[in-house]
Structure formats: structure tokens, C-alpha cells
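Scrolling down, you'll hit the structures one after another.
There are two complexes below, and they share chain A, which is joined by chain B in the first and by chain C in the second.
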Partner chain A sequence: MTHEIYAFLRGPMVWISLTVFLGGSVYRLASMWRLAKKKDAVIFHYISVFYSLRSLLHWVSPFGSLNMRKNPAMTVIAFIFHVCLIATPVFLSAHVILVKESWDISWWWMPDHMADLLTVIVIGCCLFFAGRRIKRPDVRYLTSVSDYLILAAIAAPFITGLWAYHQWPAFSAMMLLHMASAEILLMMIPFTRLNHMLFFPFTRGYMGSEFGAVKNAKDW
Partner chain B sequence: MVKNKIISYTAVFSVFLLILTVAAFSTDYIETVDDSAFEKKTRPPAAFFHDAHNETAGIDDCSVCHHLYEDGQKTDDMSVGMECSECHMSAPEDSAADLIRAYHLQCGGCHMEQKAGPIMCGECHRKN
Partner chain C sequence: MTKHSVTDVIGIPDEGIDKGAEKLTPEKITRVIRKLLDEEGGARLKVYMETCVHCGLCSEACHFYLSNDNDPKFAPAGKVKQTLEHIIKKKGKVSVAFMKRACEVAFTECNLCRRCSMYCPFGIDIAYLMLFVRRICHRLGMVPQYIQDTAHSHSATMNQMWVKEDEWIDTLQWQEDEARDEIPDLRIPLEKPGADVFYSVIGPEPKFRAQLIYQAAVIMHAAGVDWTMPATPGWDNSDMCMYTGDQEMVARLKKVHFEAAMRLKTKRIVMGECGHAFRSVYDVGNRLLGWKMPPLRLMHALEFYYELFRDKKLTVKQKYEVPVTLHDPCNVVRGGGLHEMARHVIGETCTEFIELHPNREHNYCCSAGGGVINCGPPYAKKRVIGNRVKAEQLAAAKAKGAKTIIAPCHNCHGGLEDIVKYYELDMEIKFLGDIIYECIDKGQPED
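So, the complex of A and B:
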């Protein structure tokens, strides 16, 4: 039975989750584009590549915006979190080897003890974000159950991956959960608030152009 | 008396020779899959009890695993006694990843086909 589940999660389910992720992303971007044209057509007159990139560059640079300078702890944690979140799965030795097996292409991978550390950082950051949502009244006011579920969905592949790597009890079952939870997370991206991954360049483009081209002001 | 002595010496020597021959061809001591080409080990060598594995899997033909290819064609010869890296890491552009790939496709591929045997990282690369 394990072989069948593993074969499904490593075969068809990879394509299903990639299709939902990519297809969903294109759909969300296209429908948002249509909505903008209908409700906010004026933006298309002054949207500018220069002001978009100027805003984007400030917001992807640590402490590049006033809001980040006002919350240094959150800024440091948020940047570290996002770097670890992306770098760990992409440069994990086991993942590179799986791609090498399937498509005969490979790239640099990080030492396992480094991946171990980055994984613990991601899990720690998720706990910090959850704690922040509980503790800070202003953040709690804006928090719904879905925010905790999203945090749990992000932490799940990292917790199960750490478990499987260290070969703690029942690690084979944990490996199957690892694969399944990562595929679910991928499919969640276009349809939850994780879609900031797709929308943030456009959000910055919108704000950057309005502040730059219309108000002659900074948006960072 | 002398004749008896010769017979017993011959018998002892024969048994000794037999043991030596069996020992020389024995593969029972193989407990991991390892290759000297792996200079830096990312994971522990894969646990592999050669004789027990082949008994369980019902493999009598050595060339099932110890295959030998020439110009992309499988030959009747075998690669027993060779290290896998002699072929699977022989091209100048080959890296450890190519050798790892060969091992994983050979072992994991068969396990997936047979729906038996280890398939996940930690099931072969045991930490203890």
C-alpha cells in the first residue's frame, strides 16, 4: 500500500498540484486584471514601469520602507522567514536528487545540517507569527481562523520533512504526509492569502505608480 | 599407518581449500552499498545485505544488478567486481549526482516495479 501511495504522491499528484498552482495563478491574475479594468480603469493611464520598479525595489530591500524601519524585529524575522521558506525546498539535497532522477538535471544543494537549521528557522518563524496574532491586539483584531490554518499549512511540510530526515518514529508515514502537505500547500497559493506571492509585484506597481506618477510622493 | 596419515592430511587440506574457496566467493559480508567515488557522503551509505536481499527477492542471475552495457546495448557479460562509478561516473561531465541517480534508479526503480522493498530516503540511508 505504501508503494502505491508513494507512487501516486510522487507521480500524478505532482502534476495535479503543479497544474492547479500554475493554472490557478494564471486564472487569479487574469481575473484580477479584468476586475481592475472594470473597476479601476484609470490606473492603466498612469501605471509606469519606472515607478513600479522603484517601489518594488524599496519593498524587497530589508529596511527599505518606513514601515520596516518602525518594526525592526518583524522586518528581520519576515525577511529571514521568506528566504528560508524558498531556499530550503529549492536547494535541499534530497529534492535536487529527486529532480535529477526524474529529469536528469541538477543544481547546487546545501549541506544537510544547513537545511536542518533553515527548516527549524521556518518552523520557529511560524510559531512567532502565530504568537504575534494572539498577543498583539491590533493584529488579533485583523486575524481570522484561516490565518492560523495558513500558518499550519506552511509549517506542516517543514515539520514532517524534519521528522522524516531525522528518521524519528514512523518516519516513512511522515514522509508521505510531507509530500501530501507540500502538494496541498502549493495548490493553496493562488486561492488563499498566500497569493501575495503572485500579487505583490502588482500591488507595488499600483501603489508605486499612483504615488510616483500622480502624487509625486514616496510609497515606502 | 603412513597411508592413513596421507589420507587424513589430504582430507583436512581439502576441507581447508573448500572453506577458502567459499570464503573467496562469499558475498555475505556485504552490508552496505558503497562506492569509493563518493568522497564526501551527504547521507549514510545505503543498508544492503547482499545475500539476504537476493534470497528474499529471488534473484539468482548476477547480471540483474551487475549489468554491463556496450554502445547502449546490454551484453551477456557481467560487471561483478566492478564499482558502479567505473561506468556511471566515467564521463568527464559526470558528477556524484549522476552516480546517485544510477543507484536510485537501479534500486528504487526495481522496488517500485516489484512494489516491495525500501523507496524513501531514510529506509536505505539509515542514520544509526
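So, the complex of A and C:
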């Protein structure tokens, strides 16, 4: 039984989750594009590549905006979080080897103790974000249950992965949970607030264009 | 600082909202909201609502939040939570009481100043979202009474203050007469075709601050500008309909304004020192009429003054010696990038300039903008309480010696006056035109 679940998560489910993630992302972007063409056609007249990039560049650089400088702790943690979040799964040796075995392509991978560290950092950041949601009255006010669920969904593959790698008790079950939770997370991206990954370039770019090209002002 | 109670801030009675609400039923609310979401709620609305990660990084951008002791209800995303978030989640099935509060939030707790868009990492446009709520309120017929009255005036008279056509012309002639005592050959040229400059003002100028028209005439005269004003509707560039959510009226108003300038075949429009009017003509009305940018060259007074000094059209006789500070109005700075030009003019006319902090694009709103001051006396106290940070910012400049606040915007002027009074700051507030008028060589005959 365990073996069958393993085979499913390791085989078809990988394809399903990748398809939902990529297909879902393309679908979300394309349908939003269509809606914009239909109801906010004006956006296309005001968006400017130059001013979008000018704003985006400031907002993807650590401390590139005044608000980031005013909240140094949040800035550092948020940047480290996003970097570790993406780097760990992509450059984990076990993942690279899996890909190599399946498709015979490979890239640089990081030493395992480094992956360990990055994993702990991601989990730590999730705890920090959760703590911030509880502690800061304004963030608590904005928070709904789904925000905690999203944090849990992000932490889950990292916690279970760490567990399985270190072969702590019941690690083979953890391995299954690791694969399942990672696949769920991937599929959540286009359809939850995690879609900020898809829309960030557009929302920021549009504001950058409005400020830059029309209002002659900076937006960072 | 003065103590106040919550009832000064939330649940303030307002005939416009209360009477409007009496006529509503939940069914009607749902119907109106669904129709509006369907017709006008496009990709921007959807993306903004779905992308917000509830991080609260926008909170500290908002003077209402900071001034109300970090009350989450006043955080920008908190205002969305109390309004659109619930409306969209419930697909418009919201109660009358809910809509009353939503109306209060959108009209009296947000100045649409867009400061928060510079603090949100995603650049989510909270002002756009609050305007969407106002649009819903407009369609539901629940708008604060005072501002709705100005919107009615706009639609009946094409100006904000129920000024009749002959009153307008009389006011200009009266100001011309007055000014001629000082400068005998001064004119306020009405209906002069082909003039270089079409000068337009906001409705309250002829009504309450006619001396500003006098001063503008003196500056035009001293600089030798070929200018004119229309004798027909279209002289008023102001626009409260932009803030009540009445976009149809905005388009009508701006059309009349642009067409007056075009009928006179003037080369450019110069507007008096008003921020919201600039937003309306430069950024909003033109779009509603289908122009990407205004159809003819448009200048806010700040840019015009800058040009006059740059081209040495004005000479300063005696600089203004009282130390000044500058309040950067949202709509011409964050909305027009005119901050360095304002500083240039101040450099030409004043001996000592002290910066406010924060400044330029990051300046705090006066809390009068976005039509909030136009919601009238019921909300005056709430508005000044909601901008304690402005008082602190001004007090810091005062401690460095600043005595005069230059506020090149009518709304800011009104808002700052109330703040200065309430917080007992004892500072004087002036338009940049007041300073220029005082300083320049007016070309009076020697006697």
C-alpha cells in the first residue's frame, strides 16, 4: 500500500501538480489579460516597459524603497525567505538527482548541510510571519484563517523534508507527506494569494508606469 | 494634545448617508453592487483584491492610521477589509448598516492620496479601491450631504459653488476694478480669442477667495502674459463629482472646461493653485473623455510660476523674509511631480526655507483631500484628529524656525488651517501666489 502511494506521488502526481501549477498560472494570467482587454483596456495604454522596470528594479532590490528601509527586520526576513523558499527545492541535491534520473538533465546543487540550513530558515521565517500576524494588531486585523493555512502549507514540505532526510521516527511516512504537501503547495500557487508571484510584475509595473509616465513621480 | 472620544470619529450622523440608507433594502444593494461589479469591476479590481497578501506593510503610510494610535481600522488594507473585501466575498449580499459604514470609510477615512501605493510592495492602488466603494455609494444614493451638494451644483451650474453666470463676470470685473487702484492699466481679459494662456480657477475662488483672482491678475500683468478667462461655464476647473463617484458628471465637467479653452483658441490652460482640480483635469477627466493625456497643454500654477521665474519674466523686489516651509500637495507632487519646481520658486522669492520631513512624494496628505473636507463640518474634528502626524511634522519645522507654511493647493490650505488651529501651532498658511504677489515688482506707477 505504502509503495503504491509512493509510486503515485512520485509518478503521476508530479505530472498532475506541475500541470496544474504551470497550466493554472498560464490560465490565470491569460484570463486576466482577456478581462483587462475587455474591461480595463486603458491599462494597455498607460503601461510603460521602461517605468515598469524602473519601479520593479527598486522593489526587488533589498532596501530599494523607503518602506523597506523603515522596516529593516521585515525586509531582511522577507528577502531571505523568498530566496530560500525557491532556492532550496531547486538546488537540493536529492531533487537534482531525481530530475537527472528521469530526464537526464542536471544543474548545480548545494551541499546537504547548506540545504538543511536554508530549510530551517524557511521554517523559521514562516514562524516569524505567523508571530507577526498574531502580534501586530494591524496585521492581525487583516489576517483570516486562510493566511495561516497558507503559511502552514508552505512550512509543511520543508518540515517533512527535513524530517525524512534526517530519518527521524516514521520517516518513510514523512517522505510521503513531504511529496504530497509539496505537490499541493505547487498547485495552490495560481489559485490562492500565492498568485502574488504571478501578478507582482504587473501590479507593481502598472503603478510604476502611472507614477513614472503620467505623474512624473517615484513610487518607492 | 486635546482628548477626544470614539464618537467624534466613527458613526457620525450625516443626512446624506442616513436618508439615503432609509430608502435602501438589502435586495436593492445586492442588485446595484452586482450590476456595478459586472459592468465596471475589471481586471484591476480583481488582481488587487486577490494579490494583497495581508502583510500590513501599507499601514504606516496612512496618516489616519498613524494619527489614530495605529488603530487597524484605519490601515489602508483595513479599509479594504471593511468594505470591498466583504462586498466581494458576499457577492453584494450586504446589509444596509454595513453599507453605511462602508460609505463612511470610503468618504471620510481615506483621502485617496495614494501614499500607501508607495508603501505596498505590490503597488496596490487603495485609492482606486476606495473610489470603487464611493462609486457603489453613489449608485446607491448614499453620499455625505455636503459633498453631494457640491456635486449637485456641478451638474446644475457646471461650477462647484452655485455661482451664476453673471455673478462670475461681476466678480472678475470687481476684482479688475480693485486691482486698477493699484495698477491702473491692469486688465482681466474676458473671452480674448487666441490668447496664450487660458486661466481657470476653482468655484470657491470667486465665491470666497476673490482676492486670489486679483493676485493672479497682478502676476499675469507683471509678467506680461497674454491671458484670458472665459465668460461662460467652463471657467471652473474643480470637480467634486470625481470624489462622489459620479464619473458621468466628471466627463461632462471636463468637456465643458476643455471646450471653453478650445473655443477661445488658447494655446494652453493654466490652473490656479489647486490640487484636486489638477488631478481631475490632468489625470482623470481626460481619461473619461477618451484622451490619454489632456488634449491641450496644461499647467498647474506651480509649473507656470516656475516658468515665469526661469524665463525671468518676473523680478523680485523684496524677498519674503519670514522663514517658510512647504507642504507638498499629493495631487500635484505624487500626482504631478512638481515638487522641484515649487522649491525653485521658493528659492527665488524667500530668504529662508525649512523642509518638512517627510517631504516631496513622501509628504503626508493634509487630510482634507479626496473630498474629505468637502464632506463638511460633521467630519471636521475627525479630519484633524486623523492627522495628528501632520501637526507633529509641522511642529518639527516650526521648532527649526519655520513660521509660514506654503500650501499650493486649496484643499491643503483648508485642511492645514484646521490643523494649525486645533493643535495650536500658530503658523501662517499661504499660497505660493500670495508670496509671489508680495515680493515681485508689480509695475505700479511711481507716485
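A few notes on this one:
Just so it is clear, the second predicted complex is superposed on the first by the 218 of 220 C-alpha atoms of A that agree within 3 Å, B and C clash if a C-alpha of one lies under 4 Å from a C-alpha of the other, contacts with A are read in each partner's own complex, and residues count from 1 in each chain.
We adopt the following convention: a residue touches a chain if its C-beta (ideal position, glycine included) is under 8 Å from a C-beta of that chain, and two chains touch if they have at least 3 such contacts.
Predicted model only: the values in this text are computed from it and were never measured.
Three-chain overlay on chain A, with chain B and chain C fitting side by side and no clash. Contact with chain B, but none with chain C, is seen for A:4 once the two complexes are overlaid on the shared chain.
In the superposition on chain A, A:167 makes contact with chain B only, while chain C stays out of contact range. Of the two partner chains, chain B is the only one that A:104 touches; chain C does not reach it.
In the superposed model, C is the one of chain B and chain C that contacts more residues of chain A.
The superposed model places chain B and chain C at 170 degrees from each other around the C-alpha centre of chain A, with the value given to the nearest 10.
By the touch criterion defined above, A:136 lies against chain C but remains apart from chain B after alignment on the C-alpha atoms of chain A.
Touch criterion met: A:175 reaches chain B, while chain C stays clear of it. In the superposed pair of complexes, A:29 makes contact with neither chain B nor chain C. Fitting both structures onto chain A leaves chain B and chain C with a minimum C-alpha separation of 36 Å. Chain A contributes residues 32-33, 35-36, 38-40, 42-43, 45-46, 55, 59, 65-67, 70-71, 74, 136-144, 147, 193, 195-196, 199-200, 202-204, 206-208, 211, 214-220 to its touches with chain C in the complex. Taken together, the chain A residues at the contact with chain B in this complex read 2-4, 6-7, 93-94, 96-97, 100-101, 104, 106, 111-112, 164-167, 171-172, 175. Interface of chain C with chain A (complex): residues 40-44, 46-48, 50-57, 59-61, 65, 70, 72-73, 75, 77-78, 81, 117-119, 121-125, 283, 287, 292-293, 333-338, 361-362.
Chain B meets chain A in the complex at residues 42-43, 95, 97-98, 100-101, 104-105, 108, 111-112, 115-116, 119-123, 126-128.
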